[in-house]
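Here come two complexes built around chain A, the first alongside chain B, the second alongside chain C.
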Partner chain A sequence: MPVRPVSVGERIKRREDPRLIRGLASYTDDLKLHGGLHAAFVRSDYAAGKIDKIDTSRALARKGVVAVYTFDDLRGKVGRTPCVARPEPGRDAEHPLLADGFVRWVGQPIAVVIAEDRYVARDGALDVSVDISPLPAVVDLRRALEPSAPRVYADHKDNIALHIPRSNNPEVEKLFAEADGIVKLEIINQRVAPVSMEGRAVLASWDEGPQKLTLWTSTQVPHLVKQSVAQCLGLSEIRIRVIAPEVGGGCGAKIPVYAEECLLPWISKELRRPVKWSETRTENLMGTTHGRGHLHEIEGAYKKDGTLLALRGRVISDCGAYPSFFGASIATFTPLMMPGCYRVKAVDVEVVVVYTNTMATDAYRGAGRPEAAYTVERVLDEVAVATGLDAVEVRRRNFIPKSAFPFTTATGAIYDSGDYEASLAKALERFDYPAARAKQAKARAEGKLVGIGVATFTEICGLGPSTGASPIQRTGSWESGMVRVEPTGNVVITTGASPHGQGQETAFAQMAADAFGIDVNDVEVMHGDTDVVTHGVGTFGSRGLVVGGTAVHMALQKVTAKASRIAAHLLDAKPDQVTFDGESFRVAGSERKMTFRQVAEAAHLWNVPIPGEEPGLEAVARFEPTGTTFPFGAHFCEVEIDPDTGEVALTRYLAVDDAGKIVNPLLADGQRLGGIIQGLGQAMCEEVVYDESGQLLTATLMDYAMPKAHMFPRIELDSTCTPTHLNPLGAKGIGELGTIGSTPCIVSAVLDALRPRGVKSIDMPLKAERVWRALAEAKR
Partner chain B sequence: MIPENFEYFAPRTLSEATALLAQKPDAKLLGGGMSLIPALKHRLAAASALIDLGRVPELEGISDKRGKIVIGGRTTHRALTTPGEFVDVHAIHETAGSIGDVQVRNRGTIGGSLVHADPAADWPAVFLALDGEAVVVGAKGERTIPAAQFFTGMLASAPKHDEVLTEVRLTVERKRAGTAYVKMRQPASGFAIVGVAAQVTLDRGGRIERASVGVTGVNSMPFRASALEKRLIGQTPDAASLRKLCARVEEADPMEDMHASSEYRAHLAGIYAMRALAAASSRAAR
Partner chain C sequence: MKISLNVNGKPQERDVEPRTLLVHFLREQLGLTGTHIGCETTICGACTVHLDGRAVKSCTLFAVQVDGRNVTTVEGLAADADHLHPVQTGFWEEHGLQCGYCTPGMIMTTSALLAENPNPSETEIRHAIEGNICRCTGYQQIVNAVQHAAKLGGKGAR
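This part shows the complex of A and B:
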């Protein structure tokens, strides 16, 4: 019998938005320190080459230039670019903070110019002359695997960064032998750029008095930055404070700790002045990690009834020129998630992560799982074509049934909970699938190219336990939460998660408001400052609520328990007689009660000491997940293709997602919409393009095509709710779901539209010319 | 994306602007800055001085003079998107409305776009199709440049360094006539992969009496599809005929880049010519 309306589950508007919309928020680049200097980087124009000479004299002579550094200044003084997913010795590469004799990708930092303002710094960077003898570069993945290919690292025996061979599972071969048919696909999951609204930005300030570095950086993982920078610079981590102020998006690219984040602190310490750098959009497109970049060769064995028996093949993943923070480990999620939401009996997929002379790749919204979902959905669509069954029916026949959860997949993933039939059924009803197919048939009869797409999918969220991360990844999977109650009963929460657009300040305040019966506005949520927050991991992998929120929940419970004990003492009752009704602590069977605020005051005044308790009301908790959650969804869409030009128009999109229990449906919808449009971007227009020599052709937003509002209709959203038992919130994670569903859904619709004209396969992005060519070639 | 140092001038009158231009041989005129500023930031262009025309009111405005629509060189795209008194000149507001986004349309100007002569800009198509003229004023006086002589190469146009484009004049047929502009957007930049403007005049029998077709985005310079224009005379503008007549655009000598091959651009020139002509014809028939 709650006495006040509960906040969790309400569509409360983001408390972050007023300051962000009104321009009252401070991002790293907004911060100005007295005596601050500015950095500009000299970057490689060549994808591969030997540095013959660097002449910095002209830059040093320029008025306003304070210093110029090259690798020679750093040699022996700093470590490598941070990496927690290191390839094995012989395949690992020590990526220096500035190029050491060789350059391996266009955009690699070679020198850094420090000046009194950013204009002079840029002028100074252009003054630096670098003589490079170009070497042959390798860009194409298959070419990189050939023995004759140029090697990104001359001292390596090949270009392979990580190799997980096929297990030669006899079960797979047996299933392929028993199959009624085999579908064989070659799938390109093209390289994309995260393009966060705010680019990367770093401000480092070494304070010689207290011997302390403050590092403001646009990151998803301030605590990992602290640890990594300490290690790289040989500085004690207690001498470092990392602050992630407002962070304008990340989508994975702000997990890696970059060379610039290590270099600026070192320079600040050398010069004893603050130094700032904010990347330009071109630097963002060439020097911030990219995502995807997979090539899959995949075979699926099926039965005539549409059953998908087994998958085998090879995942080739583009590492880029060096192993970024998590970079080399991302592709290891792909075979793990290859079964999707289906009862595939066996999977045997080789993983090859390949160095190329391009920017490094790393996590990108979904990180390894979308690549798997896209491939298995393409396989199922082909099974539908081969068996003559409806694409929806094929999926339904392969679903892991609700009764089978928790379910261990053929690849060893333990799915916590699921009800794929429920989300599919709801989606079919909302989409009115039979009517949509009837309308399609009519449109086809009129010569129109109309297609209906479907994708049913699941993914991993809230990775854990810490012991079970990717084989080569070295980070913990837990998260921290702290709850501090002020004497008034107002509450401060700190979280080790580092939200950068997700809205956890709002969601966590809602949780605290319900826990203590106070107003949402009486809760402050702080994050992103390593001197304020106890240890933490960060925000990525849809873990903010699932792991970070659970830690906050645990801390709230600890505080409630202590408050309850204090109330019991003050109310002259035994602790087990006291219950909290959402507003007050009450003694069972009596009128005696105390509000939460009264307890808070008593806990701080301590006029009446409570035996066995310390004063104050505060708790820290850490949540270590015992397993990962697997949210899921069913997406449908409709496209119409212009046969004259190949232009694809998305005419309808429906998503029915299941992320378990939802704290704030408005925030959840925002995550889903953003995700769906991001996935649409990959399907329709986004692609990082390097030419054969490794020059980046998509170095500005005049050439790198982001999705725009005119490209999609109003997205219809609905949901089902299948809670997880792995955390007390029942939350399964939502950040990456939309992206994972929408890419295969849109491609499924386009192929559905094109198949009657004889088109069998097409690669992303579905640019008009590519579709037009596919139609023209099928006609021949 | 950080420019070099430059001087900045904001003249209040046209004569002040032309006097400054005459004094500063390395100066560039700043219209809305939608192309020049990014070029400076990327250091693809350099200028020792910028002369901002933003405070010269005499360069702005739209009027109808002796059957010609006269648009001040500094008039923003935005001002030309709203139909207003030119409600029947679809090609003008369709062109203006298809440029960039709201922010770009609020700043970018018709004169700036024409003088910059980006081969994928939108205004050149309608400028050519509506038999445009540009009035330019320099220290030595005023001259008029017909559209056919305006574009001189990729990113090159006829106005000289010391001249300011003051007026754009467009000829609009009013009787049994219609206009249209259609384009395919380059997905990243929004510029035209192909853009076609058409003006069609019909005879009393509903056949094409005169057609003019301007094409942008395809060649390194915008052009008139003259062979097609000739073919169209006397034809009925029904869908099947237009498709046949537009199967080829003879003047197309397309560029090729990662956004579209030359083969595709050539194909699109025909398709979009057909669409522009169909829209203009149906408006003419009303």
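This part shows the complex of A and C:
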């Protein structure tokens, strides 16, 4: 008999929100320490050059400037910018915390000015004069691969950071020979900027007494920051406390541990005063990692019946000027996920990660998988055009059937579970696809450019096991969770995940509330403080709930088991006679019972010792995933294009997603809606633009186009539920799903609208000008 | 320069450099860190406050420009946790925020909207928040939040 309603599965409003909606939350820049100093960086105006001279004298003479540092001050005292996915020797590149003689991208830090006041620090940065002899820069990916191209690193033999050659799989060539046709595409997945609304911010405070550094930083991975900074500065990690306070978004760009995060602690230790730095939006756009930046040359072999037999080609990925934290490994996920949700028999794709004189790239919501999904969806649309089949029918004919799971793809990914037919069927019904096509035909007859887009997709979430991470990546794939029960029965949870908007303070509290029969508000979820939280990994790759939540679940189970043994002893019963009914531990076949809170008190009073047990009630668990989950979905949309201006109006968008079991549908909807718009942002307007000389042209939000509210209709959501067997929650991960589905979906619709006018291909972003030009060129 | 103004109903007299931006004045001199800085170019709206009841972006106003005027920040909307402004309630109920960084600006913009137009259409709401960027929510739950607030009689105490 269930005593109280369960909260898992309910739309429970967030416990994070009261502080946020009243402006009472503390982000890094909100923190103020006594005697605190401010840092401002002098950054390179050139994409490539040799530093001839740095003159800091005027800055040092300015009232309020405390110190100025250049690489000469750091030489031999600190390590290089942290990286856990290092290219091989000869292709790897040292990236110093401040430029060491050469600059390699616009925005690279050259010097840092420390002052009593934020404004004075910036004045001081303007006082520093840097003489640079410009060198030829390389920005274009194909150009960077030419033997005559300027090299980003003069001592390297070429600009390649990582190369995974084609396997020359004979099966692929055989399938191409058997094919009825081949579609050939060149696809640009443009470079975008993550643009978390809070930029990066760092506050470092070295405490000389206890010899301890406290580092507040806006990060997704406080534990990895601790390890990385320790290594870079040659400090023991037990002398470092990293705190991720309120973090205003990350989108992947706050996974890397940056030069600034290493430099400020070193300066604080030198000056024995706290030092703070908050990046400007321009610094954010030029000096925080970018995402995507892929060029795909891809061929798909197909049969007349629409079957996609095989894929072959090349993925060229822009590394930027140095290997960022995970940066060089991101593109390795692209070929892995190239089969999407289809029974492609063989895939042979080369990966080339290329240095250019631009900001480094790294994870961005999806990280290597959206690039794969976008490409395979474009291929399927072309197969539909070539065979004259409907785009939906082509997808359906290639689906991995429900009965085939767990399914090993042609690229070796093991898909845990899936029912692609079910999500597609639901989407077709909700969208009323036949009616939408009929409406489109009518609109076309009236001369309107109306298109319908479809994307069916899967992705890889909550990566694991640790042994199976990308070949060059050096981090574990597990996560930690700790549950501590207070004598009252109130509960503290700590998680190694580091939520920054995902809502796990609520989701994990729901899990504890259900486990112990207590109120959600009697659970405190703590994260983002390495002195408080058991060692952990962090939040990225849609792992917060799937991996972090499972660790919490395991710790809850351990506590429940111990509480059950304590209750059994106190109730004079055998442990196997005691069950927990959601509120009380009961002895089978009797009226004897104890509430969870009574057990918690007894565990701490210990006036009745329990044989074989230690006092107290707490547990730590770590979840190491045995495999990776693959959520999926089917998205449909409708666009209308103004033929005179090329402006794309999104008139309808429907997403049917399957992320397995959902802990809090309100939070899940939020992740999906946000993800969809982020993916549409890339498709419709976002683009980082460098000119040929490597100058950044999109260095403010006046130039970098972000998606805004008026651009979108109300997104319709529906879902199916196919749980995973890989974790006890049955959850598959949801953070990146929307982003992965929405980008190909709208491009599919726009091309569907434009094809009758002779447009065969178009690249993102689908800005009015680009669409107008495509129409104009097709007319000619 | 000396300036005197009302912030969240309290008179303040301060000495500021002429170049001090209003947002830095609020955050660093008055400790009102609920007003955030997102772009420094009047695009993102994270720094939105009310100036004599109208929503303005405090990252491109000098503190000296608001001498003698009334400024309300997000901290001034609700007296305490039990007396939230309807827009704050709306954001909480409808999951109108994730990371929370754009939220104070969104709340200030939409509370000013509801003060002028107590029952806006979805299009009007989306138009009103064009100058506020949110990277997390995709805006839909923000629209829901404003509609929720409108149903509560969105003007609130202030």
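Here is the rule we use: the second predicted complex is superposed on the first by the 780 of 780 C-alpha atoms of A that agree within 3 Å, B and C clash if a C-alpha of one lies under 4 Å from a C-alpha of the other, contacts with A are read in each partner's own complex, and residues count from 1 in each chain.
Note that contacts are C-beta pairs under 8 Å (C-beta built on N, C-alpha and C of every residue); 3 or more make two chains touch, one makes a residue touch a chain.
All figures in this text were calculated on a predicted structure; none of them were measured in a lab.
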Task: Could you look at A:29 and tell me whether it touches chain B, chain C, both or neither (first, second, both, neither)?
output: second
Message: Quick one: is A:251 in contact with chain B, with chain C, with both, or with neither? Answer first, second, both or neither.
response: second
Touching partner for A:700 - first (chain B), second (chain C), both, neither: both
Task: Determine, under the contact definition given at the top, whether A:667 touches first (chain B), second (chain C), both, or neither.
output: second
- request: Report for A:508: first if it touches chain B alone, second if chain C alone, otherwise both or neither.
  value: neither
- prompt: Does chain C touch more residues of chain A than chain B does, or is it the other way round?
  reply: C
Query: Touching A:585 in the superposition: chain B (first), chain C (second), both, neither?
result: neither
- request: Return first, second, both or neither, reflecting whether A:374 touches chain B, chain C, both chains, or no partner chain.
  value: neither
Task: May I ask you to decide whether A:636 touches chain B, chain C, both, or neither, giving the answer as first, second, both or neither?
output: neither
- prompt: Now for A:767: first (chain B), second (chain C), both, or neither, which partner does it touch?
  reply: first
Field: chain B/chain C common contact set on chain A
entry: 118-119, 280-282, 700-702, 706
Task: Would you tell me which residues of chain C are touching chain A in their complex?
output: 17, 19-20, 24, 27-28, 31-41, 43-44, 46, 73-75, 77-78, 81, 84, 88, 91-93, 95, 97-104, 107, 122-123, 125-127, 129-130, 132-143
Query: In their shared complex, at which residues does chain B touch chain A?
result: 1-5, 38, 42-43, 184, 186-189, 191, 258-261, 264, 267-268, 271
- prompt: Which residues of chain A touch chain B in the complex?
  reply: 40, 118-119, 121-123, 126, 280-282, 644-645, 647, 684-685, 689, 697-698, 700-706, 767-769, 772-773
- request: Spell out the part of chain A that touches chain C in their complex, as residue ranges.
  value: 13-14, 16-18, 20-27, 29-30, 32, 118-119, 195-199, 246-249, 251, 278, 280-282, 500-503, 666-667, 669-670, 673-678, 700-702, 706, 708-710, 712, 714-715, 738
